[in-house]
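First chain A sits with chain B, and in the next complex the same chain sits with chain C.
Showing the complex of A and B:
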């Protein structure tokens, strides 16, 4: 502790789990927006990642409410948020935004996209598996041309609705923080927008990493056109995201409101590693430069022509760095917003617990869970194209 | 937002009022006996509980009130009896990180440097100043929930567990709060805390269980200098109305437009 903090501020109220929540929802929104590139905007190159992106979004969305639930003082009362929501409260909308996104957007889109396959799998399989696919297809086994056409157009329309919904899902998470006028670190109209673009960045980067890993483990050749396109979009999203963050930063510095002094102290002493080193340098500048040089973002074929293996390595490393950077953003927003006193006269500290309901172990578990769910989903609903060539050994 | 007509949250506190009534009777009688006390009462050093005193105890019509508190910074001597009384009256845990009300000491050095402290909310006293000559001015500021007329905590509560009563007091329904702590984040004054056993948000209630019985909050009752004045915003015949007529009053963080109802007299610009 340093300076003066209000006595009630000794306890830091939103910990690691609340950092995890916007991180996970960001990945959901980002992965979905990536999927929509292929479906709505006809970016055909990213087609190999379309279904993987959808399943990734679903896996992470299923986990998204868990950190919040574990963090509540009375999780057994959480259903009240559905039954008696306070309509003035930004947080009260959580249940509805979540339910809308899960049920109306993601599940429906995945169902329409997979229906034909599920029916075919049900026909090919025997025993329990047959019935599982039959149940998943909800007994809708019509594979006539008309029915398939309907699936396709329904999927397209759901994606069209899904894009603003994904914006809503994560922009809304940004609003939860950005609308707190008591907190000068959070209170910013840019917050939802920054959250949104950082969501796209994290989602694209995650799918890129997952695509590379899954392709490698299936002994298939990586589609370089797809990877280049992913890297290109990652680069664009990062440019917008980083510009917005810098705009926010410069705006605060230029306005120099009464909070500027304590926020400056906080950045220098408490957030130096997570903000300057991890978020800005490692998570933004390094990958931006790397992608700017190698990816087709600025110039077709990139400024520096490198062999595909090296290019893959650069993309992979950049995407992993981006994940670290985005997690740092969430940390800096959530934890940073509580490290200074609202008296603007002092700083406090946050110590991460190892065990316990809000500890490090729980966080790692909750971060691993979506990957387990994704593994199950991929086994159940393989997102791969059957006609992919096998890479030479 | 729906406002319950009779908040049930005060039931626990109501049980605690039995002793308080005795204390009040004792105080009143003691004052009556001590003839020398009369001038003190007139001077405003000692006050007999007055808010709603015209009404018979237990028969307060909630609709007719809009409670608020006045605080005269010049009168506060930093004894923190109010903090102790509050903790006792409202079963606030003894730990030094849970307070419905606390005292801050401001020390302003000749070069304008400001030092603020509130060790254990002021309960254990304040460490002596090293060099009194090296001082421009110093004062104590009692803090508590401002029972804002536009409370951001009530706005953000996702389930409506925290609400404003018809008589203008911001309360938390213990039976309903889900413990998300959004209200704690939304309060600009650091007035809310998380109850370590009940796992719900907690805060100053203006001693609502006492107020509805026609008594004043415990902190007001025990203040030896009358630095805290309890009363009503609109009503003319309350001590608060007199306080606000004869003082320049300010509120904390007015730029946030929370419309606080803790009115400070003689408040220094350094206080946040």
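Showing the complex of A and C:
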């Protein structure tokens, strides 16, 4: 701690778990928006990732509220948010935003997309598995052309509703921070927009990584056209995201409110690693340059022509760096907003604890959980096309 | 109608019915009558048995201690903060006696060093300050005072002294700007030192036409920062930081 701080600012109240929460919801919204792009705009190349993206969104969405429950410390009371809705509070309305997105958008879209397969799987398998698929399909076994057509158009409509819903889900998280007018680091109308685009960036990067890993483990050949398209999307989303962030930054500098000095000090000292090094340099500039050179984002085939293996490596590394960068963004927003005193005269420090309900171990556990859920989902509802070619061994 | 629709509708109807059912069963009757909470909670809280008596009660039987505390440094710390809830003791004083915190543990809750405590609040380093001996061997809990009066202002105003030490004002004694009587060090809040009140005070050294040495940076007192006090922009204990 340095300078002057008020007594209630010495300890940070929103810790690592509150960093995790916007990170995870961002991944959900991003993965979903990627899937929707494919569906609504009919981008054929990224077809192989469509279902994977949906299942990823679902796996992360199921985990999204857990950091908050662990942070608040009374998970057994959480259902009350639904029973006694408080319309005055944006935070209290989260339950409904969440339920809408989970039940009306994501589950329905997955259901319509998988219904035909579930019916087929139910017919092929025996024993318990048969009944599981039958139940999952809600016993709706009609596979006539008319019924399948209905699945398709219903799915499309839900996607159309889903895009604004995904915007709502993550825009909401940005709104929570952006609307705290007493905090100059948070209070900004750009906040929801920046959150949204960083969500898209992180979601696309995650699906890219997952696609590469799952394909490798299934000993299939990576579809380069798909990967190129993903990298291209990632590049565009990053350009918009990075410009918005810089716009926000320049706007603050130009506005030069009285908080600018302490915020400057904070960036130079407390946030130097996480903001300048991780977020801007490693998480934005390096991947942007790499993708700009190699991906078809700026020029068909990329500026530098490289063999596919190297290209895959570049994409993979860029996507992992982007994840680190986006996590740093969440960190810088949540932790940064609490490191400086409202007296604008001092800075405090944040020490991450290892164990405990809000510690590092919990965070790592909660970060690993979606992957476990995803594994189960993939086992239950394989997202791969059956007619994919088998790679030479 | 396609086969899917009625089944999905059924699922949503069940979910909705479950929500409505849960609302009817679980939301308490008086919820929302007064605000976003259960109105009857107010009654159930007032029905709790009283645990604290309040310090006025204590003075009925412990007159001398109560009077002593009222004029001491602990006048803002009431009896039950240290002795625990004692309402039962007031009705059956001989049978139920409150505890008295004779160990070292209690006092540091308020007095161990914590940078966010207000300036001038008496703070000690629990580990280094006369270790192993209970605080009450040297300090009277009902009328605490340091057994020896500290000499330096920095004993109590450490934060300010440390700031000043690295600032351009490092060579100025505190007493150049504050008139502090000796009693301030014994009973600080009752004998407050003076603080500068006029811009001209800083002007003694910083105005362009003053007689001080040329080493001191100078400003035009009539125009610089008018009409605000100097310390609204410059923190006096570290003037260059403002």
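Points worth noting:
Please note the rule applied: the second predicted complex is superposed on the first by the 389 of 393 C-alpha atoms of A that agree within 3 Å, B and C clash if a C-alpha of one lies under 4 Å from a C-alpha of the other, contacts with A are read in each partner's own complex, and residues count from 1 in each chain.
Going forward, contacts are C-beta pairs under 8 Å (C-beta built on N, C-alpha and C of every residue); 3 or more make two chains touch, one makes a residue touch a chain.
Computed from a predicted structure; not experimentally measured.
Aligning the two structures on chain A places chain B and chain C in a clash. In the superposition on chain A, contact is made by A:150 with chain C only, not with chain B.
Of the two partner chains placed around the shared chain by superposition, chain B and chain C are both touched by A:10.
Counting the residues of chain A touched by each of chain B and chain C gives the higher count for B.
With both structures placed on the common chain, the touch criterion links A:94 to chain B but leaves chain C unconnected. Of the two partner chains, chain C is the only one touched by A:139; chain B is not. In the superposition on chain A, A:86 makes contact with both chain B and chain C. Of the two partner chains, neither chain B nor chain C is touched by A:317.
With both structures placed on the common chain, the touch criterion links A:108 to chain C but leaves chain B unconnected.
Of the two partner chains placed by the overlay, only chain B lies in contact with A:180; chain C stays clear of it. Residues 4-10, 84, 86, 88, 345 of chain A touch chain B in one complex and chain C in the other. Here chain C touches chain A in the complex through residues 2-4, 7-8, 11-12, 15, 19, 22-23, 26-27, 31-32, 36, 114-118, 159, 235, going by the rule given at the top.
Chain A makes touch with chain B in their complex at residues 3-11, 13-14, 68, 71-75, 77-78, 80-81, 84-92, 94, 176, 180-183, 337-338, 341-345. Residue ranges of chain A in contact with chain C, taken from their complex: 1, 4-10, 79, 82-84, 86, 88, 103, 108, 111-112, 115, 138-142, 146-147, 150-151, 154, 345.
If you check the complex, the residues on chain B that touch chain A are 1, 96-99, 102, 104, 114-118, 120-121, 143, 152, 154-160, 176-182, 184-194, 198-200, 256, 272.
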